Amino acid sequence: MTWNRENKWRAGLVVLGVIFLFAAPNVFQLFTIINMTTAIAFAILALSLGLIWGYGGILCFGQTAFFGLGAYAYTVAAINFGGSTWAILVAILVAMLVAAVLGYFVFYGRVSDVYLAVITLTATLILYSLMRRTSGPEYKIGKSLLGGFNGITSPPLNMPWDTSQVLFPEHVFYVAMAALILAYILCSWLVQTQFGRVSVAIRENELRAELLGYDIRFYKMALFTVGGGIAAVAGVVFCNGVGRVTPDVFNLYNTALTIIWVIVGGRGTLIGPVLGAILLFYLTSSLGTQAVLNNNLVLGAILILFVLLVPKGIVPSFTEWWDNRRALRTSRRKEVRMRRRRSRLAEANGEAGDER
Amino acid sequence: MDLFVALALQIIYGIANLVLISLGLAIIFGMMRVINLAHGEFLMLGGYTVVVSTNNGVNLWVAMFILAPLVVGLIGVIVERCLIRFLYGRMVDTLLATWGLSLLLIGLVTTIFGAQTSTTISAPFGPIQIGDYTSSGYELFLICVAVLLSLAVYLVLRLTKLGLVARGTMQSADMAAALGVSTSKIYMITFGLGAAVSGFAGALLAPITGVLPTIGATYIAKAFITVISGGAAILAGTASASVLLGGINGIMAFVTGPTIGEVALLVAAIILLRLMPRGITGRFFRKNL
Amino acid sequence: MKGEIVLEARDLSMHFGGVHAVDQVNFALWDNELRCLIGPNGAGKSTFFKCLTGQHVPTHGDVVIRDVHVAGREPHQIARLGVGIKTQVPNVFDGLSVEENIWLSARRWHKAQRAKVLTQETLERLALGDIRSAIVGTLAHGQRQWVELGMVVAAEPWLVLLDEPAAGMTHEEVETTAELIREVNKTATMIVVEHDMQFIRMISNKVTVFHEGRILIEDTMDVISADERVREVYLGHKSQ
Amino acid sequence: MSLDRRSVLKGASAATVALAAPGIIGRAQAADTIKMVSILDQSGGLDIYGKPMVDATKLAVEEINGAGGLLGKQVELKLYDPQSTIQFYTQYATQAAAGDKAHVVHAGITSASREAIRPTLGRFKTLYFYNTLYEGGVCDRNTFCTGSTPAQTVEKLVPYCMKKWGKKVYIVAADYNYGHITAQWVKKYVADNGGEAVEIEFFPLDVTNFGPTIKKIQAAKPDMVMSALVGGAHVSFYRQYAAAGMNKNVPIASTTFGVGNEHTLISAEEGNGMIVAYSYLQEIQSDANKAFVKRFQDKYGAKAPYLNELAARSYEAAYLWAEGVKKAGTTDQMPVIEALEGGVSYAGPSGNISIEPKTHHAIQNVFLAELNDQKFTILESHEQQPPTDTLLVCDLKADPNQAKFYFENGLEAAGIK
């Protein structure tokens, strides 16, 4: 089995993540830390899509649906409960429930490929259309008004079961980073379980998996549901980072962007989407601070160059380069050794050292 | 009765509108399995060609029927040569590439022309009277153009070598390659053709819509949903999905209001794809183009 | 010799539009049998096979496997009855290693510990040990066929349905495959769809001949090869 | 901000607290320039509004510096482009307040963006100016809303047009908070003036086919249409309306048409006869305005966009803030707020503008204008209009510690009928 090497990498990444979690607030300025929360939220969202698309082959063009539902459910629940602890759970459950229902709807109808992409996209756009028009006092869930296009102010996180201790935005960073690390560990573990490996098998060949007796509809639905739950966590982190949730989370731009993060980072890896999201977030964010060139122009050009130069995405390209380098080094070492041996032999035989 | 006629005309126009904004995307997707996320920007470029050239004194019809398809078609060919052709067989990467292209085109147009460009054109033909109601004569004209354009695309696909590849690809994605014809050239022409049709559509809509660099975003989702709901067949798929979705949208928009109209279109698309997981033409009209 | 009937097709029909690919076929398979289905291209044997395995929902009629009515069931439900299925085109997990392919099959039915052992056994049984960590997509056609056969075997099915297991193989590979099939038959009842007569001669003596969607004749290989009608049907299309 | 609360995560990193403290308590005073941050969309769908605002802001800062700066220091303008995304608004607001230690932030186009950054800027005690016309109702001592609100524009526009065209009004509006609330104001003013709102219809921001609605308008036979449509896609409404010949029969009035420079995006014959109400129009015939327009066009040349209320108000608001700083003699938040509340005024292109202290909204001139050949002709002007809508709910003098948006959920929720 080839898990060992990958797991070494993964463990290394987790350690790096933990170091970053504690070191970052000492290294970076306050606003950098606060703003990181949003980037981390996107990273978790990308991770969720990386899991279901990269490992399960489910091209979901509407992962932000669960992200947005998570954010909304958290906000509404936290306003009603007056605390965040149960609200987080509600957020995850709501998103997973919707994912399960949508998953049942599409996978048991054997919708796949671009058709699946369109259904998930459409579902997201429906949420977008509906949430935008919920301004007014008649749209409320419990104590929380939905707020329409302007969205709802999200109550900040508090310490578990202690609503008197509210976290400041700079402290939410810890929660966000911990959530990212935990989600990463969860995904890493999941893809190695029987469930994860069967999911990969389904991605590779649906018919074969079926003929082996696996109910691929169930596996896909289950994976989709897990992905929805992780996306909901991302949503909770996001609305804490931004302090607000608006229907924009469901718009076309954001949902397409999620796909772009995963492609940039590399499908079939878990760290790839995470890096893709963070990289593109900081790229667009730093583009916004310059006023020389149009942002779309620069970003578009970068993405086009990227797809031509790094076709497989960052992480797979890096791994390939690393492997090649190592293979090259070992083969070179071998060659040198061989050459030495040959020349020694030649010397011993009293012949002229011949290169060939 | 007048209302009924006027409304029926309106709904037919809604369908023609969907056909126009989707057809270019359908050609490129149907033949090359490339999902062109820059499709909305091709429409936008068509509109811009009309606005900019009429501002510089070019006749509206010349701008619309000749310049727009030509300019956008040419841009399509350039894009195919410089970008898309490196990505064949990598459908997912074309998502990224065309998304980048979409941003690039928006940025380019904004940089050159600014966030908005003044226009001098308005819809030709004026209104037509239907009893107590008036409809736009131009919309009637667009309905005819949509029909003729579909017919033209049908003939191209039926009678040319391009059409042969198209039919091959629609049956099986690998088949086009297996045909052994110079697929590279065919693909270039296809992409150019798709872009030209999109540019033409954008030009046609220019007199009755706002022409802005960012306007493409309002088209792409609807076009994408229409094309995929239609299934693999380029014309039959787009046409049947347009009729279904456009019809539902038009009726619901009139009965309940535009928001519910939009949502109804989306819900219809979801239900349709659940019942027909390969789109309308995955089940019906299989042998059609 | 004849035990109980384990698989039965009753009045099975499959129509595509106006084409009757399978037309009112009645078919029975007895325990421990190794039955070959033959017929020229388009005779309906592959369609019949797909109806048995759940890849097609028959237009009429029923399929009964050990008293379970399976027509219209999903392939995985049929597989769960203990049926191992190999399709015509090699259906393997191209992106995974040989070992993982086999393991995925074994693990479906067994606990982790047993699955590991079973995977090992299967690799040895099919002589795939040398290429165990190779990525299946990089293997030669014949080897991929064997990997798929391995996946079928690793599940320890009591009924095995194979669609053209020797297609596209070299002569030597065909012989090996025949050996494997005889080996598998020791523990499982089998149906093999094939049109290579020589191959059939190597593995089976009872043969069902399909022609134009119906069963033309069902008998031993010797009788079949002497039969006028079979020769006629075959000579027109394919001479082996 | 007790230590108790912060000790929450003290195990994690004590340094966080140390870092956090200066950001929350106050900002370094050693800076030798005065920092003004502008966060406005220069790309994405909202750039039609944002770009002219940015251009005007740049001109204002340039002029202020040209005239010797403020308090003897130069004003440093930092621009952020949130690219029409909410999360970047929060991001840049945090960066401006905690990172750049900005003395003032001028930001936000949509109410959603304003609501996203208002709490952040409030928390870091960074003075905030919102210069867009909007639905009214913000009541926040740290925030100054300088754009026009419905009581200033709709209230004047509706009676004028009803007198001219008739009492049956059909309302079309963008399907989001702004559109809903503006529609409610229109309905109220139509009723107040003895008219009837026959129908209110809302449109998602990305609708481009208005055919079914135009048929509905024909069926309802109103005397006029009141539009609160917003954004690039909605420009299509005016064009399709004209294509059906409706602009000749049922005229349109609007308080949104023109701020995205829509009147240049439709042709002359499509737009002729429409009536709008704003607190600024490029065509205002005062000397101050003519000079302003000339300076603007000299700076940006042929590509200079039309100067609408959003752009001009961004310019004026920069000056208004500068006047506040001059009067306060410092850039510190509280003194400047008090100075602005204390009757600082600025005579700009639109005339005199000052801050109404109870609401922190602007007292400003309002103009009604008719569109002719892609240019507005001023019909009426109303001097020094107070923000009577927000005044109904907001009194910062009585309760300075509130930071609310009263109209967040419509007028009824705010107790207005």
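Per-chain numbering from 1; labels A, B, C and D assigned in written order.
One rule holds in what follows: contacts are C-beta pairs under 8 Å (C-beta built on N, C-alpha and C of every residue); 3 or more make two chains touch, one makes a residue touch a chain.
Here the structure is a predicted model, which is why all the values come from computation and not from measurement.
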Set of chains adjacent to chain A and to chain C: none
Intersection of the contact lists for chain B and chain D: A
Chain nearest the global centroid, as defined over all protein CA atoms shown: A
Remotest chain, chain D as reference, centres from CA atoms: C
Pair with more cross-chain C-beta pairs in contact, given A-B and A-D: A-D
Distance from the mean Cα position of chain B to that of chain A, given in whole angstrom: 33
Gap in Å, rounded to a whole number, between the CA centres of chain C and chain B: 47
Centre distance in Å when chain C and chain D are each reduced to the mean of their C-alpha atoms: 73
Computed distance of Cα centres, chain D from chain A, in Å: 37
Shared interface positions of chain A, touching two or more other chains: 129, 133, 253, 294-296
Shared-contact residues (touching 2 or more other chains) in chain B: 106-107, 110, 217, 259, 262
Multi-chain contact sites of chain D, meaning residues that touch two or more partners: 43-44, 175, 202, 204
Chains grouped in pairs wherever the two touch, ordered by label: A-B, A-C, A-D, B-D
Touching residues on chain A, where the partner in the complex is chain B: 59, 105-106, 109-112, 114-115, 117-119, 121-123, 125-126, 129-130, 133, 252-253, 256, 259-260, 263-264, 267, 293-304, 306-308, 311
Touching residues on chain D, where the partner in the complex is chain B: 43-45, 47-48, 50-52, 175, 201-204, 206-216, 218-219, 232-236, 239-240, 242-246, 249, 260-262, 264-270, 303, 305, 374
Residues on chain B engaged by chain A in the complex (per definition of touch): 35, 37, 83, 86-87, 90, 92-93, 95-97, 99-108, 110-111, 217, 220-221, 224-225, 228-229, 259, 262-263, 266-267, 269-270, 273-275, 277-279
Contact footprint of chain A on chain C as seen in their complex: 53, 55, 74-77, 79-80, 85-87, 91-97, 99-100, 103-105, 107-109, 112, 133, 148, 151, 155
Chain B to chain D touching residues, read off their complex: 3, 6-7, 10-11, 13-14, 17, 106-107, 110, 114-123, 126-127, 132-139, 205, 207-215, 217-219, 250, 253-254, 257-259, 261-262
